[in-house]
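A short worksheet on the structure shown next.
Should a chain be cited, it is by its letter among A, B, C and D, assigned in written order, with residues numbered from 1 in that chain.
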Amino acid sequence: MAKIVGGMFVSHVPAIGGAIARNLQEDPYWKPFFDGFPPVHRWLEEVKPDVAVVFYNDHGLNFFLDKMPTFAVGAAPQYHNADEGWGIPTLPPYDGAPDLSWSLIEKLVDKEFDPVSCQEMLVDHAFTLPLKLFWPQEGTCPVRLVPVCINTVQHPLPKASRCYKLGEAVGEAIAEWDEDLRVVVIGTGGLSHQLDGERAGFINRDFDLAFMESLIHDPQWATQYSIEEIVEKTGTQGVELLNWLGARGALPPTVSKVHANYHIPISNTAAGLLVVGTGE
Amino acid sequence: MAATAAKRQIPGTTLFDGDMAQKGYALNKMCFSFNHADNRAEFVRDEAAYCARYGLNAEQAEAIRSRDVLGLLAAGGNVYYLAKLAGILGLDVQDLGAAQTGMSKDAFKAMLLAHAKEN
Amino acid sequence: MAKIVGGMFVSHVPAIGGAIARNLQEDPYWKPFFDGFPPVHRWLEEVKPDVAVVFYNDHGLNFFLDKMPTFAVGAAPQYHNADEGWGIPTLPPYDGAPDLSWSLIEKLVDKEFDPVSCQEMLVDHAFTLPLKLFWPQEGTCPVRLVPVCINTVQHPLPKASRCYKLGEAVGEAIAEWDEDLRVVVIGTGGLSHQLDGERAGFINRDFDLAFMESLIHDPQWATQYSIEEIVEKTGTQGVELLNWLGARGALPPTVSKVHANYHIPISNTAAGLLVVGTGE
Amino acid sequence: MAATAAKRQIPGTTLFDGDMAQKGYALNKMCFSFNHADNRAEFVRDEAAYCARYGLNAEQAEAIRSRDVLGLLAAGGNVYYLAKLAGILGLDVQDLGAAQTGMSKDAFKAMLLAHAKEN
C-alpha cells in the first residue's frame, strides 16, 4: 500500500528561478531564503519518497480563461515546463505516475469532486521551482509526479474548506492505492503578498506565522475564513495558500514538524517553508 | 446588471471576478499570448497593431501605451497575465508595486523590508 | 426574479443536421422524428423563454483529453459552432447571457461544485441541433444561452446523482437571479444507443420509456443506477442521458407533461423527446 | 498495475477509462485534429505520414491501414474521436456498426428497426 511520508509547503516566486540559474544561493539577498533548504534535503534522504503529489496553481501557462478549471489533476506520462514569458530557464521534463493519477481522479469523482483530467499538461514555476528547491541536483527530478492544480486566478475560487476536503480525498485515495510507494505531498504558493492594486506590497507577518503554526497543530484553522477574508488578510496572491491547505488535507491530523523557515521578502512575497512528517 | 452579489470591499484591492473577466478578456488573452517568444517580439515590433489584432478597446490600448498599471487593472487586466507584459517591458514586480502605490522603487522595497521587522 | 418555465429533453445525432439542411422533415425515414416538434413550437410560443440553459456533452469539438472537464459552464458573450469533421453545416453563433452564467458559476462553487468556467467555447451538434429543432426559424436562435457541459466521454463520468444535484444547484441559482427572465432548461443526448464495440446497435426501449416516464413522476429514479449500470442498460452513448438528469434537477419536483415522442431509430439511436412545464 | 479497480464486465463493451485513455492518447489526438478540413485533407494525402506525425504505435497504425474498427477501439481509440475519422472514410455509424458486429449493413439496419417493435 502507498504511504504518505510527509508534507512540504513552500512559496514560489519566478525570481527564485533566476537566482538558481545564477547561483545566487549565497548572495545576501537570497541567502536567508536558500538557507532554509539543507535540512529539507537531509529529511528527504531519510524518507526517500518515490512520488510527489503537488498542489499548486497555474499562472497562465497551461490554463487560460477560455477553460479555467476549479481543480485539475494531471494524468500524463510526462509533464513539460515551458517559457512563461519572464525569462527564467525552462527546466527538464518530469515523469508522471499516470496510473496513480487515474486512481485519484476516479476516487475524487466518486466522492463528488468534479476535477478536470489532464493527459497533457504544461507545468509552470509554481510546480517546477519548489521541486528544484527540494531536489536541487542536476538533471531530472528523482520522484514521479502527480500535479493537482487549484484555481487561484479567476474568482470564484474554491473555498478554503473545499480545498482542504479535496486534500482529504486525495490522501484517502493514496492510502487505498495498492502499490508499495512512498508519497510526499507538496503545497506551493503564498504566503502573504499582493502584486496588484494600490495595496501592492501588502504583507501580513502575523497571519502567515499563525497559518504555518496551524498546519501543525490545528490544520483546519484557516478553513474558517472565506476567500474574501483570506484575500483581505494575505493579499490577492496570498490566497495561493489554498494550495498549502489542499496538501495539508491529504496528511493525517497529527504530524510532526521537521523544519520551518519564514523570510520577508523575496520579490514582493513573504516566503514560507514548512516540512512535516507523518512518521512513516 | 452586475454578474455578482454585493462584494466585500478591501481597500486598494479588486477581486478578479466575472465582471472583471468580462471586461478584460481581450487584454488578458493578448497577455496570455506572450508565453511565446515570437509573439513577444511581434508586440515589441508594433505594439498598437498587436493590441488591435487582439481587439483591445480604447481604454485598454491607451493603458498599454501609457504603461498605466492601475489603468490596465481597471480595464479588466488580471495580474497573472499582466505579469507577462511586465516581463516584456523589463519591469519587475517592485517596479509594478512602485507604479501602483505612487512610491519610488526604493521606498517600495524599503516598505517590503519593513514588514520583516513587524512586532 | 428569473423563473423556470419548463424543461425540454431531446436526443441529438449529427445526421439530424444533414436532414435539416436537406429539408428531409417529410421524408419517410425522418418524418416520425420531426413530427414530434410542432407541439413543442406551439408551447414555446406560449411560454416565451428569454434564456435557455443547455445541459449537453461535447463530442471532441471544444474539449480534448488534455483538459477534460467533469462539468463546464459557458460564460461567453457569444458561442460559435464549428466544423466537427462530419460534414454537417455550421450554424450561426448564439448570444450568451454571461452575467447569468457568472451567477451560476459563483453559486455552484459556493455549493462545492468544481466547474470549469469557459469565457470562450465552441458548441457542437449536441448543443446546436436541439436548439434548431426547437427554434427552426431562419437566422439566429431567439433565446440567449448558458451552456452546461457534462463529461460523457472520459470515464470516470460524474455519477447520475451528482448530475442531478448539479441541476438542482443550477435551478436554485436561476431562482435567485434578480432579473425578470423566463428560463427554459434543456437536456440533450441519449436515449439508448451504442456506437462502439461488438454490442454496437444496442437499444433498450423499455428502459428509455421508463426513464422518460420517471422524469415526470419520479425524477430521481435513474439516480439509483451507477454509471456502469446505466451503460449496461442504455449503451456506451446512452449514458448521455446524464444531461437529461442535469436539466431535470433544475426543475421543481412537480412538473406537468406537455408533449413526448419516442422513435427508433435515427442513425443508431433511440430518439426521445419530452417537454414538461412548471406552470410559470 | 492497472489504474482502475476491478471493472464491471458488460458484454461487447469497453468503458473508455484511464487505462484505455493512456493507451489511445496519440490516436485520439490525431482524430481530434480532424475537426479542421486542412488536417483531413493532409491525412487523405498521406495516411501513413500523418499517423507517424502523431506518434501512433504499430497496432494503431495497422488498425488505421486495415480499417479495423474493433482494432482501433482495442488500441485505445475513443468512439467520440474515431467518429471524425469515420467521416473522412465516408463511413456512417451503421457502417461502423456492421463492421463491429460482423453483420451486413442491411442486417444491422434491420436489427435497429426491430428494436422499435419490441414488446
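To be clear about the criterion, a residue touches a chain if its C-beta (ideal position, glycine included) is under 8 Å from a C-beta of that chain, and two chains touch if they have at least 3 such contacts.
Not measured: the values here are computed from a predicted model.
J.: Using the stated contact rule, I'd like to know whether B-C or C-D comes out ahead in C-beta pair count.
T.: C-D
J.: In angstrom, rounded to a whole number, how far apart do the mean CA points of chain A and chain C lie?
T.: The separation of the two C-alpha centroids amounts to 38 Å.
J.: Need the CA-centroid distance for the pair chain B / chain C, whole Å please.
T.: Taking the average C-alpha coordinate of chain B and of chain C, the gap between them is 39 Å.
J.: Let me have the rounded angstrom distance from the C-alpha centre of chain C over to the C-alpha centre of chain D, please.
T.: Chain C and chain D have C-alpha centres separated by 25 Å.
J.: Between chain B and chain D, tell me the centre distance in angstrom, where each centre is the average of that chain's C-alpha atoms.
T.: 46
J.: Residues of chain D that touch two or more other chains: which are they?
T.: Only 17-18, 21, 25 qualify.
J.: At least two partner chains per residue is the criterion; list those residues in chain C.
T.: Within chain C, residues 65, 105-106, 117, 119-120, 154, 156 contact more than one other chain.
J.: What pattern do the touching chains form: line, ring, star, complete or other?
T.: Its topology fits none of the listed shapes; call it other.
J.: Which chains touch which?
T.: Final set of chain pairs in contact is A-B, A-C, A-D, B-C, C-D.
J.: Considering the complex alone, what residue numbers of chain D touch chain A?
T.: The touching residues are 1-5, 17-19, 21-22, 25.
J.: State the interface residues of chain A toward chain C in the complex, per the touch definition above.
T.: Chain A reaches chain C through residues 63, 65-72, 105-106, 109-110, 112-121, 154, 156-159, 162, 165.
J.: Considering only the defined contacts, which chain D positions touch chain C in the complex?
T.: Interface residues on the chain D side: 7-8, 10-18, 21, 25, 28-29, 31-32, 34-37, 40, 70, 73, 78-84, 86-88, 92-94, 96-97, 100-101, 108, 111-113, 115-116, 118-119.
J.: Under the definition above, what is the set of chain C residues touching chain B in their complex?
T.: Per the touch definition, chain C meets chain B at residues 75, 77, 98-103, 105-106, 117, 119-120, 178-179.
J.: With touch defined as at the start, can you tell me which chain C residues reach chain D in the complex?
T.: 15, 59-61, 64-65, 82-87, 153-156, 194-203, 205-206, 228-229, 231-232, 235-237, 263-265, 267-268, 270
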